[in-house]
Each structure stands twice: as structure tokens, then as C-alpha cells.
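Shared between the two complexes below is subunit A, which has subunit B as its partner in the first and subunit C in the second.
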Partner chain A sequence: MSDAGRRILTLIVGSLLFGSIAMAQGGGGTLRIGLNSEPITLNPAITNNQIDVFVSAKVYEGLIYVDEDMNPVPGLARSWEVSDDGLTITLQLQQGVRWHDGVPFTSADVKFSLEDVVKTKHPLGPSQLAVLESVETPDDETAILHLSGPSIFFASPYLALNASTAPIIPKHLFEGTDIATNPVSSNPVGTGPFRFEEWVRGSHIVLVRNDDYWAAGLPLLDQVVYLVIPDASTRLLAFENGEIDYLPFGVPYSALGRLGARPDVDVIRFRDTRYQIHGLYFNVRNEPFSNPLVRQAIAHAIDKQAIVDNVTFGYDRVANSIQQSGSVFYNPGVPTYDLDLTTAAALLDQAGLTPGANGIRFETVFTVDLGAGETALKTAELLRDQLAKVGIALKIVPLERATFLQTVYQNYDFEVATFYGTMGPDPSVGSKWFVTPSAPASFVNPTGYSNPKIDDLLGEFAVQTDQNRRRELFNEAQDILLTDLPYIPIREDSWPVLVSSRFTGVATDMFAGKADRLLNAARR
Partner chain B sequence: MSNLWLFAVGRVARAFPLVVLLLGFNFVMIHTAPGDPVAMLIGDAEAPELIETVRRDFGLDKSMPEQLIAYGSNIIRGNMGISYRYRLPVGGLITERLPATLLLMGSAFLISMLVGTILGVVAAVRRGTWLDSGLSVLALLGASVPVFWVGMLLLLAFAVNLRWLPLYGVSTVGFRADGIWDLVSDRVRHLILPSVTISVGQLALIFRVTRNRMIEELSKDYITQARAKGVPITRVWGVHALRNVALTLVTIAGLRIGVLFSGALLTEVVFAWPGIGQLMYGAMVGRDYPIVMGVFAMVVAVTVLANVVTDISYGFLDPRVRYG
Partner chain C sequence: MASRVSTIPRRQWTHGLRHFTSSKLAGISAAILVLVVIIALAAPLIAPYPPLQTGVSPALIPPSTTNLFGTDDLGRDGFSAIVFGARTALTVGGIAGFVAFAVGILLGCWGGLRGGRVDDFLMRVVEAFQVLPVFFVMLVIASVFGPSTEVTALVLGLLAVPSVARLVRAEALALREADYVAAGYALGNTHLTVAFRHVLPGVLGTALTVSSLEVASAILTEAGLSFLGFSDSNVASWGAMLNNSRQFLSSAWWMAVFPGAAIAVVVLSINSVAEGLANMTNPRLVQR
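The block that comes next holds the complex of A and B.
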């Protein structure tokens, strides 16, 4: 009998004998995941790089997770209680959890991770844990977080304490060492569902099932293998050849039609919680984009549906706001701009930009972020054709990511640029795009748009803990932003991923997905 | 010390300033290119103090001349610096990846030399036939097509459609070899497509040079004399003529090591080959200056060394050069 046959027989006999227990332990198998680049570190406490977190969050864990409906669920904290003033959070930790090297996990690890590592060394730590004053550890299973004031990140404890922003790392291996160069940062020892086995640089990373995982019967997989294949075409071919089971990043839309038709492939589109918006930025410091009429004219000249249809083959949706339409923070009454070339032309005339002898009103440069994926350049080409119809000549300048970041976010040396980003499940994470920046930094507002009213609204939004009030504040902010238009949202990214239909439970929604633990993934 | 040794030492000494100049030039080029390593590493950090700490850790807060001096003094001591992203010594990262790249380059070198020379000789002795013309057209094609394109075509044909060979990587991940033969065969199967890909351009060149030089040699008097003395024709081709052609081939092969290396870098990305090329690719995208400079320093050293060795071997082989 073949190996697979034996396994199936065992499974059948087992499930007959033990019912649900055997089901929970069934599945097994090795999941092979294709990565477009190699992680830099496997220590999630000092990185916010997507790939780093995606790999290391199977080994390390956070205190609180969310389920598919964005409700907080236990991680290393089995329960939590927030005081009435919101300034004290008492966490009861999971009992009997051991690090992969056998040492017991205690509240001292939580204190060490949050106070000594994440708060100072995680790229988002200094801002997100700014209000965290201290962690008190009355006993091994209790950690009490003392906050100095209200903070959006603690409005829902999940935001501050999830696996991506506050992973818990072992104190006994990291204390007193340089965290970044500590060998454990590339040979992780966590509490998570998978143990680290090997990392062959440039080739692959192997994780194996943690048989002592605290959630009984989980995970289902025996092994997770990450294969590093930098070339997009090779990666896709490897998936088509059945050498990879899951492609979480950089799947070209152009391949979806062909692969989606195959019975052995599942194309999974993330739900609304993925929150990726593609569009464009204006540099409102300079003429002509300092004039809101010009920005509104462009909004009327863009055929968003044509971009969705041609660039994403109809897979995405048109975006009307800076928050995705599936979010509870989406404002459905936000001002929209229908495709209307007559109005666009009238607005441009009104702004004094009349057509010259050659029909051109003005020329401008569109700086394209090639790091935003294969769609960025195609979008730019369509925009060039669309804007030409109202007499705007768009010159496309594609830049690779490092150059783009410096040109647009640090030097502000652009006129129109690719806008691409995620707001997170709560716009507090992404709302920095709209507030007046204190200093140039990557991924904050490069447009020069500064509106005291927006700063006030989003300032209150960031510290307000009442969700209804927060929705009001963000609705008003969306109204103002979509009137002023420093940004034009074009489409909501559905971020399709490919999964072999041999597996189930692999891809969940993105925000949890980056730090997803693959607990319920299994061979069918 | 003999003249020959003086000549060799002189050549090495002359190469030294060239290496220094190239490294300095490379340093300035990389540091003036747009892009900020810290932004690439922790660009989404909202805390200026964290960004400043990291910048200071990397020494990027200093002026460029100061950084250049620090780099120079490190290089002299054999220290290539610490990678910004991996936080590991660059020397170690490179040596870890070097065997994979050398294996690839070595096999590509062997394939191009062997096949190129044999086909070149065949075309020369069958000069003017359809075989000669066919091979020459193929060589022209081989010399003109980009490496990654060749790689993609080979992948589609042999790994996807025919499924004879693996798609990517240096070995099958999770493969449990059943004896040494199994292990070697797995490695060789992975090696075939990428090494053939890299060898195409070099092979075409070696073919053309061999063909032209053979035709030239075959028309010389000593060949006619050897033939007149009754030396078998295959021996005339294989020993008399080819030996004279070989000197040219060695020179070209030596000078083209750098080209072969850059071919390996591109091919590694297509075939997910865990060598220097992939390391370099990631480092360029992430602006990891120490790795980029380390790899470049290695390429400079290898290229200059290959040239020096070629020069010196000429000196040994041809006395006229020594006194020139």
C-alpha cells in the first residue's frame, strides 16, 4: 500500500475510533509556500517586513488574535480585562506553555518582549506602544499593562497586541544580547504551532509541527516549507507544475483566468478586510495641482472601471474612498466623481488651463512605483490615454521601490505618483497618510496636503475609544478628503492568491494572514 | 630572481592601483545612487529616533569621505563590513553562497569550452557546408539573445512541457537521497538548465573564435607539411592546429570570466539558484550597500586576477612579452 493510502486508512480507522479527536489531528502533510524574496530576519519583534512576519509568525505568537469577523480571540493571552478608564489591561496568559527549547513561558517573557524589545526596536513599536508605561507581573500567568493615556492602538487590545506588532520572544535567550545579531533571530525559538527546523539561505526554510502546542490537536499540518523563488514567472511555473502549493504574494492578475479554470487550483480573493487601495497622489505644493479644481477635473477624467477591467481583468472593485468599502469605517455617502469629460474640461477651463494650439492644456510627470506590483505601470499607461482626452499630457517615469521612496516620500520631487497602501482593519494605522507630517518619512503623507480640520479629526480619532464617535469622525474626514482630493482612490485590491485544491484552510484574510498561524490548514 | 618572476610581480603591482580605483569608484556610485537603506529596512517606522539610531549603527550619519575612509580601512584588514539587512558579516554571507555560484560558473565554463571548441573544429573542417552555415547562424543567435530569455525558454521546454528536469533550486527540498548516486543525480539534474543557460553566450563566442582561428591555422604551411609527411588528418586537426588555437581560447576564456559571472547572476534569479546572484539581487533592491560592495569587490578581484594570470601565463608561454 502506498504511503498516502496508508495514511488515509489510518485516518478512516482513527476517525471511526476517536471521532472528532482524530479529525482534529487529521490532514497532516507538507505545505509548500512560494516566496518572492527571502526573509531578512526571523525575529518578528524587530521587523515589520511582510515576508519576515509571514514566516516567523508561525513560530512566534502574539497575545491576541482576531477571527475572520475581526473579533479578538485568545493567543498567548487566554483572557483580558480592560479597566473602566482604559488605562490598565490585565492579561491572563495561557497555562503550561513551553518555548520550543522546553523552558516554560511566563509573564516575564511578556514584560521583556514589550518593554525591552518591541517598544524600542520594532519599527512600529515607539509609536504604537508609546502609551505603554510598564508591564507588571504579579505572577507567572498574569501580565498587567499600565498605560499613560488613551491610545487608538489599545482601543481594541488586538491592534496593539497582535502577533505582528507585539510578538512575544523568549527572555532567557535574548536578555542582555544584541537582539538583531543574536543567532536566535535567525534560528527562532518560539511558542507557536510550528518549530523552526532549518534555513538554507537563498533556498528554503523548513518549519515542523510543534507536537506540544498549547491548543490541543493543532496545528494540522506536519510541515511547512517556504521556497524562495525571486523570479515571478518561475514562481508561477513552479505552482503550475505542482511544486508549490500556495502562492501568497505577487500573483499576476493575468494568470488568474487560466489557473482559475483548473479544477486543482483555488483562486482565493481576500475579503474586504484586506484594505489595499490603489490610486494616485498629487503634489499639492506646486502648480497646477495646488488648485483643487484641477484635481477634481482629473477625478472626472479617470475611467476607474476601465482600469479595473483592463489591469485586473475585472477581479478588483472600483474604489470611491480611501477606506475599502467592506470596512465598518467606510463612508458610503462620500463625494464621488463620475466619468464626465465635459465637466473635467470645464473645471480645467475654470482653473485657467485652456488647451494650446496642439490641444494640450499642460504636461505633467507621473512617477510610478514599480514596487507596487505589475499593475502599477499598466495603470499609468491607461491613465495617460484617459487624461490625454482632456488635454493633459502625462509622461510616465517608472522607479524601483528604493528610488521611488526617496523621490516621493523624502524629496517630495514629484507631480503625480502611484498611491498604494493598506489602511489596516482600523484606519488608525493608515490615517497617517492624511495628516500633516512632522518630518519626511516613508509611507506618510508626501503630498504636502495640510488641513487643520483633518489633523483635528484624525487627532481625535487616534485617541477616541468610543467606536461610534470614531466612525463619525472618520466619515467626516472622508468627506473632506474626497472633496479636497489630495489622493484619488482608483481600485480596491482583492489580492488574489493561489492555493492548490489539495489543501484546505490555508489562506485567511490579510491582516490576520500576515501573522496567520496556519492552524487549520490541512491536506484535504 | 629571474626576469620572469620580476615580470609577474610587476604585473600584480600594476593591478593594485586599478583595484583601489575601482573599489573607490564603486563606493561613490552606490552611495550617490538614489534610495535610502534605512528607509528600505524600517521605512514605515514612525519614530525618528529609531531611524536615527539605525542610521548611526550603519555609520550612515557620517559624511561620504568619512564613510569611504572607514570602508577603505576595513577592506585593507579584510573586513567587508556587516550587512544592513542580515546583520551578519558580508564575508560570511558571500562565502556561504560562493560554492553554488562557482559550481554554476564552472559547469557553464566546461560546457562552453568543450562544446564550443568541438563544434568550432567541426565547422572549420567542414567549411562552406550546410553544417558550417547552420552552426554559424546558431552561434550568431546564441551570442545575441539575452540570458534570462534563454533561461525562460529552456524552463518552458524542459521543466514545464517535457518535465524532464526540475524548475528551480540547487537540489530538491526535502529530498532524501538513497545513496550517493541518487544525491549526485539530483544535483546534476538541477544543474543542467541553469548552466546551459549561462554557457550559451560563451559557447557561441568560443565556437566562432575556434572556427575562425582553425581556418586560419589550417591554411598555414606547417599543416600542409604535416599532411605531406603522412600525419593522419584527425591528428593534424586535433593536435597540430588545435594546439595553436588553444592559446587564443585560453586568453578569451580568462578575460571573459567577468561576463560569465554576470551571466550567472542573472540566471540565478530566474532559476532560484541560491548563489551570489540572488544575494546581490536582494541587496540591490534593499540597498544593502555592504553586500553590493562586497560582491563587487569580489568580481573586481576575480576579473583583475584573471587578467593578471592571463598576462603572466603569456609571459611564460611567449618570451617576447616578458621583455616588451
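The block that comes next holds the complex of A and C.
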């Protein structure tokens, strides 16, 4: 039998088997999750890959989690205390926690994970844990973090200590070994709600309930099975046929209308992908976009609602700022630009761009990032028609991700380009989009827009730990950015996911969802 | 062999034309192609809407009297896009076929008539091109330079040169030994004159046949590239329509069926015309 054939057979037998187990037990049951690619490693301490974290975060845990309103909630740390100068964080750890192999979890594991592994080997470690000097372990249940200076990642909600940035891994299994090649990195032993059972490469990963989990009565599910199905339409078909219960990644908007109408399917929008904004940015180095009037005219000519309706079938929301409206850092008073073709035309006239004999004021090129998903090109196609109404002829040049990065972020060889920006769990992560870059780099400000005021505001924002002051700073930055308009936000991504309505409590929150533990997921 | 090359070209052509039209399939195919060319030329007159304009009708409506081929997810008219897509397909096929034909004949005749080191050199260059995997070369070019119909067509034509050049060279090599070519040289004609007067008519049929096959494969390759998203978004393209239709296969069949059928019909027609051409210029069949 061919490899593919064998895989399909495994899949079918597997799903029949798991299906019957779930039927027999009822209540908790087995949750089958469709993945678009195979994890690279199941050791979250050395990876930032979405799929790796998504799977391993059910097995390993972080110290402090973040809830949907960006408040810190206990993880492996049951409580914490911050010194007045903010440089010492004392963590009281959960009591009586055991690793899945039975060895007790202690503060030594925290010290080992943070100091020896995450800080040096995690992709985000060197930056987010930069200020972490040492971890003191006065006893098994206490870990004291000593910081060299203030850092937003160690201020509430303690992003540096959550499961995706700083998972705690067992010292007794990893100490003195090469972390990446240690067999435990593919056969994880954690403290989390689910134990690792098996990983059949190219096919599936099985996790089973940890009956000794420290949070009494949790988790509710008996088993979690990840099925790896790289092809998008096959994956979608498997979901439609009830072979998969949960599709967390890569659900096309076009499938939502059809599947959303089915009574046995829940379309859930991860509430806090409030960090992703789709729109466009200008190269303000050159004519005509060096003129703010032209940028404002375009803002008035864009029908954002039509884009949301046509491209996302109404599932997303119109974006007014560079921060999603669900965020505590969103500025509701930000300048907005209503669809108003008369004003747009007047602004263009004022900028000296009058229509020629053919009604065209000027031609420009829209460089589209195909890596930003199926929606990027469609947005551009709609914009071409919308801008044509005010006499701007838009030529679309779609580029595949690598070429786009080279052309736009390295060579600055563009006029208008796709903006697909994330602000990160805290906007200080995303502020690099707007400040003056020190050198060309991917996903930092490519526009040529350089405003010392913005640099100051966002510079202070990154190190300020008082949340009210931070809100003020970011509000002012949004005012300035939306007045100067180097970026035009168009829509707020809602990251829709599909869940079978046989289950409840599955998809909650994307940021946390990446590190979600499926604690409250259960069969209805 | 001698009888073949001494066939008087003009008689061969008129005989051939009769042979061509006597083949039903080739005749019908040729008629279809002529129709497609007319549609492409008269596209603005035939298409009811601008092909790329969004929202001309509600999105995703099935074929009806107002939208013959339905509309896509952005409310673009399918029929108009198919009509204008014919332009893109024929432009790509036409340019690629012409480049392959012209450059192929040039290199083939040159190598075949001159022989020796010139021939060796030309054929090594041609072979070097022949081993390039066409589709992947096109993918690289499209991702490096950005997708453009003209560049795609030109490169596809250049990549098709080897197949034309090698066949033409083989024919030219044989013709070089023919009595009337030798006579041409004996009269003091230059290589150029001999090539044009005596060799070209003899190799034209082969070159035309192979080039027309290349037209079909260029159209297919362009559709394939567009299907993968490497298409010029500023022109209507059947391949790009197919690409877009994938997400809607279960809800909007018309988005896939019409561009798919258009590609199939045009490519099949060109292939059977090419076959007709081959029969027509094949003296064994003609003299029957």
C-alpha cells in the first residue's frame, strides 16, 4: 500500500476508533482537531511556531496566563507579588504538582526553564527575557525573579511568563542534554491537563487526560487528537463530514457562510485577534504619496464596509485605527475618514492632481503581499474599482511573500502596499510598524514615514509600566498616525474558526488560544 | 528521401489544404479557433461589462440571462471575464508560438545549413535550454519579476525554441544535400538567399506544426501559473478564474466550469489544428 494510502487508512481507522470511544464514554469525549501542518517540535521552550505551541501547550504550562480581557490569571504560579521598584517578582507555585512521569514539580524546574532554556533558546527569549537576571529558589514552592530594569513583558499581565513565551519544562529530563535533540522534545512530559500519548508522523498526535491535574475536576475532555491534513480543501471536507471537530487554522471566509448556516457547526471568532489589522501603506518618500492630502483623499475614497462585506462575507469589522477596537489600547476618538468621493476629489484637486482628458488623475502601483492570505488580492481588486471612481488608476502587482519582503521592506521599491500588521499581545510589540526604523527589515516601518513625536511616544510606551499613562501615550500616537495617514487601516481580522456544535468551550481566545489548555472544553 | 525533398512545395501546400479541410476534426477545430480569435478581437463589443469590474451584479449568482456565465464572489461577470480571458490566452499563445517559430527556424536553418562548429555550438545551447523544467522556470521568473502576461509569453516562447529548432535543423541538414539546394549554391547564391528561397519552404510545415503545439502548451502553462496565483491581476485570465473558483466549488460550480471549458476547448482545438497541419505537410499522406 502506498504511503498516502496507509495514512488515509490510519486516519479512517483512527477516527472510527476514537469516535466509538467518545460515544461509549459520553461527557468528556475525544476532541479531534485538524492541523494544517505537522509540528516541528513538541518542546515549546525552543519554538515560536504556531502549530508547535498550539499542540504542546496542552502538555506544558506557563507560570501566568492571560484571560480574554488581558488580565493575569494563575498558571503554574498560584500567586505573585511585585516589589515597589518592579524589579523583583516573587512567585508562589502551585502545590503538589507532578510531572506526567510522577516526579514532583519544583521551583528548580522554573529556574532551569527560564535561565537555561527559554532565555537563550526560545526565539523570543533574548528579547522578552532580556531583563531577567536570575531566578532565586528559596524553597520548592517559591521562585523569585530578579530583573535588571523595567520591562513591559514583566509588567501586568506578565507576557514574558505565559505558556507560549515561557513554558516550564522538566529539569530532571532535560538538564545536561541537547534540548532540541532530546527525545523528550518529541515525547513531551509536562504538568499540563493532557499527557502525551503518541505522535505518528504525517498522521496524528494523541493526548490523553491527565487524571492528576492540579486544578481539581479539570480538564473535562478524555482525549485530544490532532489530525495533520495539509491540503485546505481536504481539511475542510473532513470537517464537513464530521471527521474533525475543530479547525483552528486557515478557515477560508468563503466557507463560513455555507458552514455557518449549518446547525451542527459553530463559527467562532477568536475574540482577541484584536491585534491583526489589514489595510495598506504608502511609500511617503515619493510623489504623489509624499503629500498627506493625497493620502487623505484615498482614505475618503475607500469603501471599507464594501471590502468587509465582499472579501470576508461580513465576518470582519471595519478598522478605524491601527489597533483593533476590542483592545484596551484602542482610541475611539481617532480621526476617521468617511466614504466621501466629493471630498476625495476636492483634496486631489487641491494637491494639484487634476483629471486628464481620460478622467485619470494619476496611475499608481499596488504591491500585494500574497503571503497575507486569499483576502489580500481581493481587497486590491476592490480598491482598484473604488479608486477608479476618483480618477486614480491602480495597477495591481501581486508578489509572493519572499519577493514582497525583498521589494517592499528591503528595497522600498513600492508606491502602495498591503498592510497586514499585528500589534502583538501588547502594542509595544507592534509599534515597530510606525517608528523610524534603524535599518530595512521585514515587518518594520517600510513607509519612509518618520515622525520624532511618534518615536518619542512609542519609545516611552515600550518602557512605561503604568497602564493609564501607556493608554494616554498610545491614544496620542493613534491620533497622529491617523492624521498623517502613512497607513490606512481597512479591516480588523477576526480569525474565524470552525467548531462542531457537539462540543462546547473549545475555542476561546487566540492569543491565549495559541497556548490554550482546553480546560473547559467538553461534549455537550 | 530524395522523392520527399524534391516535392515542389507549392503543390504540396494546395494538396495539403484539401487534405486538411477533408479532416473533419481539424476543420471544426479551425473554425472554433477563428471564432475565438474574433471573440478576442471584438471583446469590448461582445462583453456586457468590464471584465475586472467588481459589483456589476450581485455576488455568486448562477448563470442567467443578465449574467450568462454567472458572477464570482466579488460580483464580476463571468461571461465578460471569459471573453476578455480569450485575449490573454491568445496573446500568450500567439507570442509564445511566434517566438518559438521565428527563433526556432532561424537557429535551425542556420545550424543545419552551416554545419560544423556553428551547428555544434547552436545545438548545445538549444539542448541546454531543452533540459530546463519549463513550469519551474516560469514559477521562478514570475516570483522574481512579478507576474506579467508579456514576459510570461516571451519566456514560454524562448523555452519552446529547442523543440522547433531541433526539428528544423534536422530537415535543413537533409535539404542541404538536395540537388536543388546544391544548384542554388552553384548559381552563386549566398547562404541567406538559399535559406530563404530553397530551404525555408521545405521546413515551414514542420516548424508550423511544432510551433502550433507550443501555442497550446503555452496557453496551458499560463493557465497553470495563474491557477497557482502567478497571474497578472490587471487582465482577465482563465487560469486565475479557476484559481478563484476553488473555494466555491461546492457552492458556485459555474465559476469553475466555464473557464475550465474555455481552456479545454481552445487547447484541444489548437492541438487538432496542429495535427491537421502535420498531416497536410506530410508528403506521404498528401501524395496518397
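The rule is short, and it goes like this: the second predicted complex is superposed on the first by the 475 of 524 C-alpha atoms of A that agree within 3 Å, B and C clash if a C-alpha of one lies under 4 Å from a C-alpha of the other, contacts with A are read in each partner's own complex, and residues count from 1 in each chain.
Note that a contact is a pair of C-beta atoms (placed from the backbone, for glycine too) under 8 Å apart; a residue touches a chain by one contact, two chains touch by 3 or more.
As the structure is a prediction and not an experimental result, all values here were calculated from the model.
Taken together in the superposed arrangement on subunit A, subunit B and subunit C fit without clashing.
When the shared chain is aligned, subunit B and subunit C each come close enough to touch A:233.
Between subunit B and subunit C, B contacts the larger number of subunit A residues.
Legend: residue contacts after superposition of the two complexes on their common chain; A:261 is shown touching neither subunit B nor subunit C. Looking at the shared chain after the overlay, A:402 reaches both subunit B and subunit C.
Legend: residue contacts after superposition of the two complexes on their common chain; A:370 is shown touching subunit C, with no touch to subunit B. Touch criterion met: A:441 reaches subunit B, while subunit C stays clear of it.
In the superposition on chain A, contact is made by A:252 with subunit C only, not with subunit B. In the superposed model, A:202 lies in contact with subunit B only, and not with subunit C. In the superposition on chain A, no contact is made by A:357 with either subunit B or subunit C. Looking at the shared chain after the overlay, A:216 reaches neither subunit B nor subunit C.
Taking every C-alpha atom of subunit B against every C-alpha atom of subunit C, the smallest gap after superposition is 7 Å. Of the residues of subunit A, those at positions 233, 399-400, 402-403 touch subunit B in one of the two structures and subunit C in the other.
Taken together, the subunit A residues at the contact with subunit C in this complex read 233, 252, 254-255, 258, 306, 310-311, 368, 370, 374, 377-378, 380-382, 384-385, 395-400, 402-403. Of all the residues in subunit B, the ones that touch subunit A in their complex are 33-36, 39-51, 85-88, 93, 96-97, 100, 152, 155-156, 159-160, 163, 166-170, 173-174, 269-275, 278-279, 281-282, 285-287.
Per the touch definition, subunit A reaches subunit B in the complex via residues 30, 32, 37-38, 40-41, 47-48, 120-121, 123-127, 180-181, 185-186, 200-204, 206, 223, 225, 227-231, 233-234, 237-238, 240-241, 243, 399-403, 405-407, 409-410, 432, 438-439, 441-444. Looking at the complex, you find that subunit C touches subunit A at residues 52-55, 59, 73-75, 143-144, 146-147, 229-230, 233-234, 246-251.
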